[in-house]
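Data first, discussion second: the structure below is written as C-alpha cells.
Which chain is which? They are A, B and C, in the order written, and residues in each are numbered from 1.
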C-alpha cells in the first residue's frame, strides 16, 4: 500500500513538474531551452512511479506512535536549532541541541550535558578561530 | 600668495575632516560566494591589505554567503544590516548585470555603491589557425551570416561575456536581428571554453583576459581584440577593439557596496579609506599580479557610473530579448 | 626535459623539510575533512587557502599543501561511508554500497583496509599516469566536446539500473528523482530560475553536501530512533587483519582495473571523482558479480570505487596542470589560488614552472605513501568508532555536518533543507528505494543536461550532431553492449533457479 501511495504521489509530482517546466520560456539562441530537459525527465519519473503503483513491494514496517513521537521530537530539536542559531549564537544553540539529542538517544543527563558542552565549544573553536570561518556568538557576544 | 594660503587652508580642513570623519572598526566583508571564487578573493585580498596598511584596526572578518549570484547576500544585507557602517560587500560587473536584468530583490538604490578598485579586461579570441585574422574579419562575417562562427564564454545567454561580444557586433553595424542569431555556448569558465575551442567544438571565445592569459602566452590562440581603453601593459602586442575602430570597452570590475542606510559620513569615510588603499603601492602590485588592471572610481562618481552601466546593460538586454 | 630527470628533480623539491611537513599536514587534515560529512573536498581545500596565504607560502608549497589535502579527502571520505553508511563526501557515495554491508557483517577492519589499499593503488597509478602521459592526455581530452560528454552521461545513466540488487524500477525511479532535484536553480545557459518557488536560496540549486548529509546522516539518525530508548549499539565484530589481507589480495585486480577507469574519468575536464567512482563500481559489478555478491559486502565493490575516485582525483590534475583547466570542482579552486599567487596556469606551466609542477608530482607520490601509512594503522582506531555509544556519535555527525554547511553559506535555510532531505531519505529507505542513485542523479544530471544543450546550441538545434562524432558513437555502442549483457544475464538468472 505504501508503495502505491508513494507511486501515485510521485507520479502526480512528475506531472506538475513537467507542466511547470513547460512554462520556462525558451530564450533566443538556445535551441533546446530550459524547459526541455525537465520535461524529458518528467516522463520516466512518472512512468517508474506508476510501476510502483502496479507492482508494489511488500509493506514496510512503519514506526509505531511512540517511535514516531521520538522522531518528531528529534526533528523539532533540529528545526529549533536552525531557527534559533543566529539569535542564541552557535555555542549556546549547539550545546542545547546536542544535550537534548543525546538525551533522546538514551544518554544520562550528565553525559548529555558534557557532550553538549564539548561539542558546542569544540566545534566553535575548530571553525571560528582555527579555520577562520566565522560563526555567530549571539548571546555570548556580550 | 593669497591663493596659496587659501589652498593650504582647504588642505588643512581636508585633513581635519578626514581625521574627524568616520573610521571603520571591526569590519566585516561579505563575499556572496563560496570560498575560492572571485568575490571571495576580492574580500580576502582587500581585507588583508586594509589591515596590513593599518587603514582598519582589527583584522577584517570575511564571511561567505553564497546564493543566487549574490542575491542572497543582497537581500540579507537589505533586510538585516541596512545601517551597519562596518560592513562591506564584494561585487563586480556580474552583480550589476543581475540587477540590470531584475534578478536581485531590489534595484541599485537599495545599496550604496562604494568603489571599484580594479578590473579584468574582456577579450575576443580564436584559434591560432583560424581564418579570422582581425576583429573586423570576424564582425564582418557575423554581419553576413550570424551563424557562421559559434562563440563561447563563461556566462550564459545575456551574461556579461555574451553581451560584450554583442556590443562589439552592434558597434560594427550589425542589426538587432543579426546579433540575436550569433550562436552562443556557455561553459563553466573561460579556460574550459578555450580548450573546447582548441578541440574544434566552437570557433570564438569571448571572456575575461585573466583566466586565459596562459593560452595567449603559449601561442595556441590569436587575440582579435582586448576590450580596454589602452593596450595591456603586460601584453603590449595585443590590439584593443577601440584602435580597430570598434569603440567598445568591456571591463569586469571588482569593487564593493555598502548597506543602503549608512550615513553620508560613513559613506564618505569608506570612500576615503578605499582611495588610500587604491593609491598604495601594495594594491597596485597585488592587482597587477592578479591579472587585474587597477582602475579607480569611488564615491558619488562611482555611484553615477554604476547607474549608467546598469542602464546600458538593461538597454541591450531588452534589445536582444533577454528581458522584457 | 627528460621525464625521469624531471621527476628526480621534483623529489628534490618535494623532500625539502617545509614541503615534506606541509605534505604530512595536508594529508592528515584532508583525511579528517574527508571523513567529516559536512565538508566536501571543494570547501575542504578552499578553507585552507587563507591559511596558505597567512603562512606566506610559496606557490609550490601552497600547491603541495592543497593537493595533499585533496588526496587526503579522497582517503577520508570512505571512513564514514563504511562505518556509518554516511558518505563523508560526494565521491564516497558509491563506497556505501558494499562497504557498509561489510562492516555490518563483521568485516569493518577488512573494508577499511581494502579501501585504504585501493585508494593507494588508485592514487599512485594516477600519479604515474600524470607523470608519463599528462601532455598527450591533455591534447586528447580536448577532443571531448559536448556531444561526446553527453554520450558518456548516457552510458552512465543507462547502467544506473544495475548498481543495486534491489527492485530495478525503484533504482531507476531514484535516479530520476535525483535528476529532477538537480534541475532546481538558475539555469546557467539562460539565467532563468527553475523550480525555485521565488526563493533566492534555491537559485544556486541544491547543494550536494546538503543533500548527501540530509539523505544519509539525518535519515540514519531517524532510523536509529526506531530502537527503544537506551538500547546500545549491538556489539559489532570488526574482523581480523588476516581476513583483511585475504580480501585485499582478492580485490587487487579490481583495484588495478578501476584505477584506469577512474583516471580516464578524471582526465576529462568537468567529469571528476564522482563519475570516476561511479563508473568504476558499475564496471566492476558488470564483470565480477557472478555469484550475486555485490551490494552484500563484496570487497571488490569497495575496492573499485575507492581506486576509481582516487585515480580520478589524480587524473583531474592532468587538465589542470597541462591546460590550466579544472578537471573537477576542487581543482577549480586550486587554479583560482594559483592565479592569486601570480602563477599563470596554461599550456606553458610545465616549461615555465618546472619546480612547481614536478615538485607537486613528486609530492603526490609521497602524499600517497604518507596516506596509506597513516590510514592502515588507523584502521584499528577508526573501527573503535563503532564502539562509541550512539548518543555520542550521532550528535557529532549531525552537528559537524550542520556547522560545516552553515559556516560556508551562513544560511539557516540550508539547515532546514538538510532536515527536509533527512525526512525524505527516511521515507525512501523505508520504501527500500536506494539513496545512492538519487545522489548520482543530482551529481551527474546537470552536466548531462548542459552538454546536451551545448551540443544543440552549436548545431543550432540539429540532433544529428549528437551522433556525428566517432568517439560519441563508440560510447553509444559500448552502452548498447553493456545493456545487452545485463539483459542476457538477467534472463539467465531467471532460468537457473538458485
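Throughout what follows, a residue touches a chain if its C-beta (ideal position, glycine included) is under 8 Å from a C-beta of that chain, and two chains touch if they have at least 3 such contacts.
Keep in mind that what you see is a predicted model, and the values were worked out from it rather than measured.
K.L.:
If you tally the C-beta contacts for A-B and for A-C, which one comes out higher?
P.N.:
Between A-B and A-C, the larger count of C-beta pairs in contact belongs to A-C.
K.L.:
Of the chains present, which has its C-alpha mean closest to the combined C-alpha mean?
P.N.:
Per-chain C-alpha centroids ranked by distance to the global centroid put C first.
K.L.:
Distance between chain A and chain B based on Cα centroids, please, to the nearest Å.
P.N.:
Chain A and chain B have C-alpha centres separated by 37 Å.
K.L.:
Could you tell me the distance, in whole angstrom, between the mean C-alpha positions of chain A and chain C?
P.N.:
22
K.L.:
Hunt down the residues of chain A that sit against at least two other chains at once, touch-wise.
P.N.:
27, 29-30, 132-134
K.L.:
If I count partner chains per residue in chain C, which residues reach a count of at least 2?
P.N.:
47, 50, 187, 189-190, 408, 457, 460
K.L.:
Listing for chain B: what residues touch at least two other chains?
P.N.:
Correct list: 62-64, 157-158, 183-184, 322.
K.L.:
Where on chain C is chain A touching in the complex?
P.N.:
Those in contact with chain A are residues 47, 50-51, 167, 169-170, 172-173, 176-177, 179-180, 183, 187, 189-190, 192, 194-195, 218, 221-222, 224-226, 229-231, 389-392, 394-396, 398-400, 402-403, 406-408, 412, 415-416, 419, 422-423, 427, 430-432, 445, 449, 452-453, 456-457, 459-461.
K.L.:
In the complex, go through chain B and note every residue touching chain C.
P.N.:
34-38, 40-41, 44-45, 48, 62-69, 71-72, 75, 101, 103, 105, 147, 150, 156-159, 183-189, 191-192, 194-196, 198-202, 210-215, 217-218, 220, 289-291, 322
K.L.:
Can you name the residues of chain B that touch chain A in the complex?
P.N.:
Residue list for chain B touching chain A: 28, 61-64, 157-158, 180-184, 320-322.
K.L.:
Flag every residue of chain A that touches chain B in the complex, lowest number first.
P.N.:
27-30, 132-134
K.L.:
Mind listing the chain A positions that touch chain C in their complex?
P.N.:
Residue list for chain A touching chain C: 2-3, 6, 10, 14, 17, 20-21, 24-25, 27, 29-34, 37-38, 41-42, 44-45, 48-49, 51-52, 55, 57, 60, 62-63, 67, 70-71, 74-75, 78-79, 81-83, 85-86, 90, 94, 97-98, 101-107, 111-112, 115, 119, 123, 127, 131-135.
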